[in-house]
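Look at the two complexes coming up: chain A is in both, with chain B in one and chain C in the other.
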Partner chain A sequence: MIHAEPSQRLPVHPRSRGMLARFGPSNRKVFPWVLMAPTLIILFGIGIYPFLYSLYIAGHNVILSKPYLPRIFVGLYQYHALIQDPEFWHALRTTLWFTVQAVFIEFWLGLGLALLFQRSLRGASVMRVFILIPMILPPLVAALIWRYMFYPGAGLVTYYAGGITRALGWGEIPFLSDPTIAFQTLIFVDVWEWTPFMFLMLSAGLASIPRQPYEAAEIDGASSWRVFWTITMPLLRPAILIAVVIRTMDAFRTYELIVIMTRGGPGNATTTLNVFLTKTGLEFFDASKAAALSLIMMMIIIVMSFVFIRVFRSRTEAAE
Partner chain B sequence: MKYIRIGGAMTATFALSLVTAPAVLAQTEAQKALAGAEIRFLQPSMPQFAALGKFIPEFEEKYGIKVIVDEVPFDQYRQKSLVEMQQGTGTYDFYAVDVMWLAEYAAAGFLDPLMPYVKNPDLTEEGYDIDDFLPRVISGTGVYNDTLYTIPLGAGPVGTTFRADVAEQAGFKLPERFSPEFNTQYMFDAAKKVNNPESGMIGFANIPGRWFWGVTYLPYLYAFQTPETVGNEYLDKDWKVTINNQNTIDSIDYFVSLKEFMPADSANWGIGEATAVYQQGGAFGVWNYQDFIKGFFEDPATQAAVAGKNVHLHTPSGPHGVIDPWFGAWSFGMSKDSKNKAATWTFIQWITSKEIQERATEFGAGPSRHSTYKSETLAKFQPWWLPVYDFMLKDTNPDERVRIPEWAEISDIMGEEGNRVWIGEIDSATAAANMETRMTAAMKKGGYYIPGRTDLPPQNWRDLTYYDRLPSQWK
Partner chain C sequence: MATIDTTITSPDAPPVQRNGWVYAVIIAVCVVNFLPYLWVVMTGFMDGAAAASRAPQWIFTPTLDAFRYLIFEKGIMSNFMNSLIVALCSTFFSVTIGMFCAYALARYDFIGRDDVSFWVLTNRMMPPVAVLIPIFVIFQTLKLLDTLPGLILLYTAMQLPFVVWMLTGYFRDIPRRYEESAMVDGDTWFQAFRKVTLPLMMPSITATAIFVMILSWNEFAFATFLTSTNAKTMPPAIMAYSIGADIEWNVLGAAVVLITAPLILFVLVMQRQLISGLSQGVVKK
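Up next is the complex of A and B:
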């Protein structure tokens, strides 16, 4: 390798030398910011600016399909209007109920499967792949598949289930037409699609638990039930926390499944906050109300995640 | 001798066709200069657009203008079109415009007024004859604030279609269109007579899906009015919402009573589901829209189970003899952001010309011109249009679905509350009260109750002579 002698180096312009001194590696205060600048600019562009713009829109009166209405500052009116709107409260209740039910069932099913597959089963690796298929499917495709499975009179499920119930003299099961059954049908499909995620996360968590506590428990003659509650669950807590937080945030924002299968109906039985948001923003083009609603949704998700993390962390600390 | 006779007959036929055929449009010099242009059109997937689509290659060959068509399902159309329009990028040069959304598009300034193009001889071919359009059809589909924004491609009333053969087997004959005999009670009784789900025949395939009430329930809302309340179905003269009344409650109750004939899982049925059941021979009656009849019910190639067995009626009159006077229609509107306005208008005036409108009726498109109504092509291929000509001329009220930009929201509110009655969540009185509260909020948001506001649109639906102006008189 040939190194140039200092005297042979190209002359550096005094201005460039000044820039280097100000922003280069020698300036330990500024240089890290220089390195991070591209990332920060992108983050600002795609994260912070839209957030600030949402705040701006939510503070005004903007209806995109009515550009002739004056854009006036309305302060907190949009939030106030939402809180007064029974549709909002209905959608919030529906969303929370959907999230709680779906995540609860997915968690216990996923955990059960993970525990089952912890044992050495024949063909486990092939079965694992099959179990993961629903999660791999794009949510839109999964929703469409089930939409047609439950299609009134002609879907695979409605056809066979209808055949059985008719034979029993009960008539058709209104899978997507009865408010309660339609809601449960959506939960069923969500569970079908996302239990594999819980399974995957909890399997990884189980694999990371050391063997020694189990061996000690075995020597002490602890029952498997006691082992599960006193060793497995506490040591699995970090994995449970991540899996539950991710799934809760995801279930809270479920959109494709509901829009494809019921579009929020029948009536407004399956109208969640996301469906309500889309209707407000993209059917009535009320950008201000939609922005306020999306900010409220964001706050709810942040608070829920915070609560989860606090609860799990305090319990983990107590266990330690 | 035989050849001479045939030759003579051919000459006579040719001469006759020259006299009777619609005027063939001749290209103008300005149009010739447009060759090579490309225009984009956004349309919903519907039979009448499919019918007109068959003519696009002919247009492209004649003018050298390429037409690119993007199609989206009907229920996503408004959202897609409004998103595109408000972006102002001019992605689409022209749009299909439903009569019920014209006010929203036009008030927002998304469409270009068309009369300057109609009156431009460099772009509008001789023989286009704007006054050949039915006055109420062109004003109903395309006029907002006295200005012409769109040109219709066919406009017809909503109605009902019934299986004449099934009625005959049950021992009765269905009445003629507009017969006073055909009222809500008659329809219910007839459906009850033939209703037999065990043998695969339901009495009436109603459309209760939440997103369709603004189309399928309205005929009953009107039917249950008294002559005194006509025009005040939604709003009074001071824009106060009036929907919470006994007529609304009765009409919801009637609409929901048709549930008796439907399967348990039908609460979300839309036009697609109900029509499919009828097409497969599983229903005695179904809602229709005049432009759908050819494609959905009478095409022997695709609708073998029902084609030729139907009677097409109006929607039933109500207890006080009132029938639903509104019509539905699609039209072509030019985007204000189009970068190819001359080429776009060239297409619109060609596809809505006398010649193409008449020829398209063979494939299922509906008429909107006097000449098309009177043509042999229409009589031959879609005879069910002829009884509605007088209705479209004299009785129809194009503004029954109040022409205001808030219509989409009003329609959604009716659908949601009505569908809740269908599934048994609330009763019709609660639904009517909820409708009134929520519609009032929508009107308030639209600025209708700002004290002292003087620029509110006129309520033209109260004076039908407004729509009878000759088409060329609009701005």
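Up next is the complex of A and C:
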């Protein structure tokens, strides 16, 4: 739709006959499918087939530890059972609350940092590398580092924070053993790990905003607060959209962090859908329930990203 | 940096910015972001007693005990090689295959293009644990469990959506008249692609490849459940040193150094491409 016209007039190469004429570059209807075929085949094999298999398993009664049981078709029973399971709702609430808090904090911190880097600073490129370190580390390593930091009797944070709180007579802070505090600790680590990502994406967005609106605002004598809300934020919208969508999808399925730091505990305080899924499928071997759960998760993620894209598109169009 | 000096003298320049607090904030963030990693790296060079002491030992005599233990007694280098092979091969395959798909999506206007593009992206949305069980069963049937080709195939498929998504934006930026003039001069489509489009795309392809390689190197969930001995990569191997009642922190620290060293080296060397590459992708999409 952007640039189709000029190439329609391409001369047909004299050598292209037979197979090449039918599927080759000169056939503009079929050739893109030839180019996409390997990707689509691989994604079909690893994407669609597991999806269909999940649908099949979720419609049956499969317990991995009891393969001798006959597979019975149970219809929508697994979904029904999940919806009536308070554990599921708890996990869903935990996941959503985790995602919303983490992404919200990461967005504003990342935006603040990106705005600070808009000034001309000495050594900006070196400082940028230091800021990006958490995001470059494997998620596994980030989780291990903070598990160590918060480990009772060994970590840096427990030692120094414990020193302060003991002096105040409060005893040690149960970073990972109190349900509420453990949840906030996980959010802290997620923010530590992924604010750099927001920072990077939003910096790139800021760099692409043209200068003219700012010059016009300066002539009008607009306050910097007003400039931020009326010029920077609307023009930054495309970058915000991508950064927030990617982060939301990834925060929603955070795995390593939670499994390594709390294993979903204490109790089930930090059991998100992902952890609940792993426990159901790989600890209790209830493959059918796990498959139904994974399909529900998939639906939630697709709906979420659809809504995001719709909302942002309509707003951007309205702004234009 | 020169701009700071000119702002002072030039009469119509904006007022001089007072940046003192900005430096304070940014340096604080740098410390918070870097110190935990630095501390774990330092732990890797401690001996067992220093690492186990309750009060942090900021001054200590460095030793390579933990590394010796990991390399000679635990044979971690075979996991390292597995990770390296898997990361390199899956990057090569996903970029080579995804490149053509991205090209088709960027250059051709066919029915269902937006649907294909959205469908490719939905493949990235699926949480890995959600497809773990079906993939486990498929791998068991195809005898791919605990093999390097199995992991390479899986990672290639996992990274494809990302590659296609990034490269589609980049291909759109390259004017198609370059290719067309090459084809008018008698080159076939493939020759034009190879001689004109590909060189222009190289910086973007490099940036994408770096990201894909990092993602493959870091992958944890599949590696944990689909490998056991032969094809075990670094992430599950390292997990083993973090569980149990008495964790040897210096061994864990050394393991963290080994898994992150290639990444840090790579990022330091490729810093510019990395940041500019990602920025372009963001701005264009």
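Heads up, the rule we're going with is that the second predicted complex is superposed on the first by the 283 of 320 C-alpha atoms of A that agree within 3 Å, B and C clash if a C-alpha of one lies under 4 Å from a C-alpha of the other, contacts with A are read in each partner's own complex, and residues count from 1 in each chain.
By our rule, contacts are C-beta pairs under 8 Å (C-beta built on N, C-alpha and C of every residue); 3 or more make two chains touch, one makes a residue touch a chain.
Computed from a prediction, not measured in an experiment: that's the story for all the values here.
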Exercise. Which holds for A:256: it touches chain B only (first), chain C only (second), both, or neither?
Worked result: second
Exercise. So, does A:69 touch the first partner chain B, the second partner chain C, both, or neither?
Worked result: first
For this session: Decide which partner touches more residues of chain A, taking chain B and chain C as the two options.
Result: C
For this session: Examine A:174 and indicate which partner it touches, taking first as chain B and second as chain C; both and neither are also allowed.
Result: first
Exercise. Is A:83 contacted by the first partner chain B, the second partner chain C, both or neither?
Worked result: neither
Exercise. Between chain B (first) and chain C (second), which, if any, makes contact with A:267: first, second, both or neither?
Worked result: first
Problem set entry | First (chain B), second (chain C), both or neither touched by A:100 | neither
Problem set entry | Which of chain B and chain C A:36 touches, first, second, both or neither | second
For this session: Determine, under the contact definition given at the top, whether A:282 touches first (chain B), second (chain C), both, or neither.
Result: both
Exercise. Is A:25 touching the first partner chain B, the second partner chain C, both, or neither of them?
Worked result: second
Exercise. Can you list the residues of chain A that meet both chain B and chain C?
Worked result: 64, 153, 282
Exercise. In their complex, what parts of chain A are in touch with chain C?
Worked result: 1-4, 6-7, 10-11, 13, 15, 24-25, 28-29, 31-33, 35-36, 38-40, 42-43, 45-47, 49-51, 53-54, 57, 64, 113, 116-117, 119-122, 125, 127-134, 136-141, 144-149, 151, 153-154, 156, 159, 192, 196, 200-201, 203-205, 207-208, 238-239, 242-243, 249, 252-253, 255-256, 260, 274, 277-278, 281-282, 287, 290-291, 293-295, 297-298, 301-302, 305
Seminar exercise, completed: So, in the complex, the side of chain C touching chain A is made of residues 1, 3-4, 17, 19, 22-23, 25-27, 29-30, 32-34, 36-37, 39-40, 43, 52, 54-56, 97-98, 100-101, 103-105, 107-110, 113, 116, 120, 122-135, 137-138, 153-154, 156-158, 160-161, 164, 172, 176-177, 180, 183-184, 188-190, 214, 217-218, 220-221, 225, 235, 238-239, 242, 247, 249, 252, 256, 259-260, 263-264, 267-268, 271, 275, 278-280, 282-283, 285
Exercise. Which of the residues in chain B come into contact with chain A in the complex?
Worked result: 78-79, 82-83, 86, 104, 107-109, 209-211, 263-269, 273, 277, 405, 408-409, 412, 416, 419-420, 422-423, 425, 445-447
Exercise. Can you list the chain A residues touching chain B in their complex?
Worked result: 63-69, 152-153, 158, 171-179, 262-269, 279, 282-286
